[in-house]
Amino acid sequence: MKVRYFAWIRQKVGVAEEEVSPPADVRTIQDLLDWLARTSPRHAEAFSEAKVFGAALDQAIMPLDTPIGAAREVAFFPPFTGGL
Amino acid sequence: MKVRYFAWIRQKVGVAEEEVSPPADVRTIQDLLDWLARTSPRHAEAFSEAKVFGAALDQAIMPLDTPIGAAREVAFFPPFTGGL
Amino acid sequence: MVVRVQVEDFDVGGELDAIARGNPRIGAITSFVGLVRDMHVKEGYHRDAVKALTLEHWPGVTDKALADIEAEAHRRWSLDASLIVHRYGRLEPGERIVLVVAASPHRDDAFDACRFLIDWLKTKAPFWKVEDTPSGEKWVAAHGDDDAAAKKWEP
Amino acid sequence: MVVRVQVEDFDVGGELDAIARGNPRIGAITSFVGLVRDMHVKEGYHRDAVKALTLEHWPGVTDKALADIEAEAHRRWSLDASLIVHRYGRLEPGERIVLVVAASPHRDDAFDACRFLIDWLKTKAPFWKVEDTPSGEKWVAAHGDDDAAAKKWEP
């Protein structure tokens, strides 16, 4: 499964994307997030921020309690700040 | 006293402005309007329209019941229709 | 605060560039351009093809009326700049009639002020329009909608 | 309905001309331009000078998100044309970030749709901003104001 990071999450984790193989008990996006936080200190720090993350499954934005199912790509990003 | 007309009022009266000398009992703008309507068939027709006129004394918009006082110029115009 | 009443067309891009130039406080520029339409639709049923329209105004008074409207917008909102350009004379379908611009640090002020400017302009500045239609010249009547739009800004 | 996400600057006047060209139904064009400010003011007390900001986006996804927002505007209002141009990359104070345009026969639709487009864009399109300030890089946090602005368009 590919995981992608955007903006300051990417900066903190240190990579824009990575291939991961989470265990079978990682069912939802939130499960994946918790599991990723344990994979390295950088991940732990990136995911410790008390901010609300957005996430997407195969480029479609989904709530964190959504089951990952057969999605091939999960993306994590901070709230959008486009416009002026 | 100078009287000015705009838009279709000007077209109906046939002149853009004229010098008039109304009698002493013409006190308000409405008095002047009623008096002008009797000065010619064109004036009568221009002022017979059941529209609300706007008026100005010396270029300041005023209600029709305003006394003319020492104003040197009275203007009559239909509602404004600028913009797109 | 700039007001211009003119026969000539205006350059929208140039005006928008000029309004923000040298003022890095400005984050938001809202603009409105009004164009001559080829059709006059009244109350949803009466339709007239429009070959052209001719705008008449009251020289000397129009500028002051527009400047007053602009000053009122600056009293009500936090604006760094504003502009009203209004043409008069004969205009054909597709031609620009009016440009209204409001610039502010934030977009709420810019949007509200821009809309206020065009709403008040329509009912408070001495312009009159006559349409050249296949059935002859027709003076445009004031719209109740415009009065309502202007009234929503009353205190 | 046009959406562009690009590094290059855009020509506001040219875009506005193009949007109305050949469609004499259009009477009203409302546009919004967002510019980089030299100052970031948060909650009225925290101020940072901004030397530049860098916009990151999600290639492939951004275009679709903007097109969806535009389609929603066309469902809600009577629009003849609309345009969103959003830049990414490094931008300095005074530079244009975003252009939003809505064109309609009447001004109410054009104003409402234009404001809707920028309000939704800010909360629903995948852009992120990082500011280059004297005290280092600072990622811009989402504003509660923007969420509130987007929410007012919820059904």
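Per-chain numbering from 1; labels A, B, C and D assigned in written order.
Please note the rule applied: a contact is a pair of C-beta atoms (placed from the backbone, for glycine too) under 8 Å apart; a residue touches a chain by one contact, two chains touch by 3 or more.
All values reported here derive from a predicted model rather than from experimental measurement.
Under the touch definition stated at the top, chain B and chain C share these contacting partners: D. Using CA-based centroids throughout, the chain positioned farthest away from chain D is B.
Here B-D and A-D are compared, and the pair linked by more C-beta contacts is A-D. Each chain gets one centre point, the mean of its Cα atoms, and the points for chain A and chain C are 49 Å apart.
Our note on geometry: chain A versus chain D, Cα centroid distance of 26 Å, whole angstroms. Mean C-alpha positions place chain A and chain B at a centre distance of 74 Å. Touching of two or more other chains is recorded for residues 27-28, 34-37, 107, 118 of chain D. Touching two or more other chains at once are residues 84 of chain B.
If the chains shown are joined wherever they touch, the resulting network has some other arrangement, not a path, ring, star or complete graph.
Each chain pair that touches appears in this list: A-C, A-D, B-C, B-D, C-D. By the touch rule above, chain B contacts chain C in their complex via residues 6-8, 56, 59, 75, 77-84. Contacts from chain C toward chain D in the complex involve residues 11-14, 16-17, 20-21, 24-39, 41, 93-94, 105, 107-108, 110-111, 114-115, 118, 149. Listing the residues of chain C that touch chain A in their complex gives 27-28, 107.
Against chain B, in their complex, chain C makes its touches with residues 34-37, 55-58, 60-61, 64, 86, 97-98, 118, 121-130, 139-142, 146. Residue ranges of chain A in contact with chain C, taken from their complex: 84.
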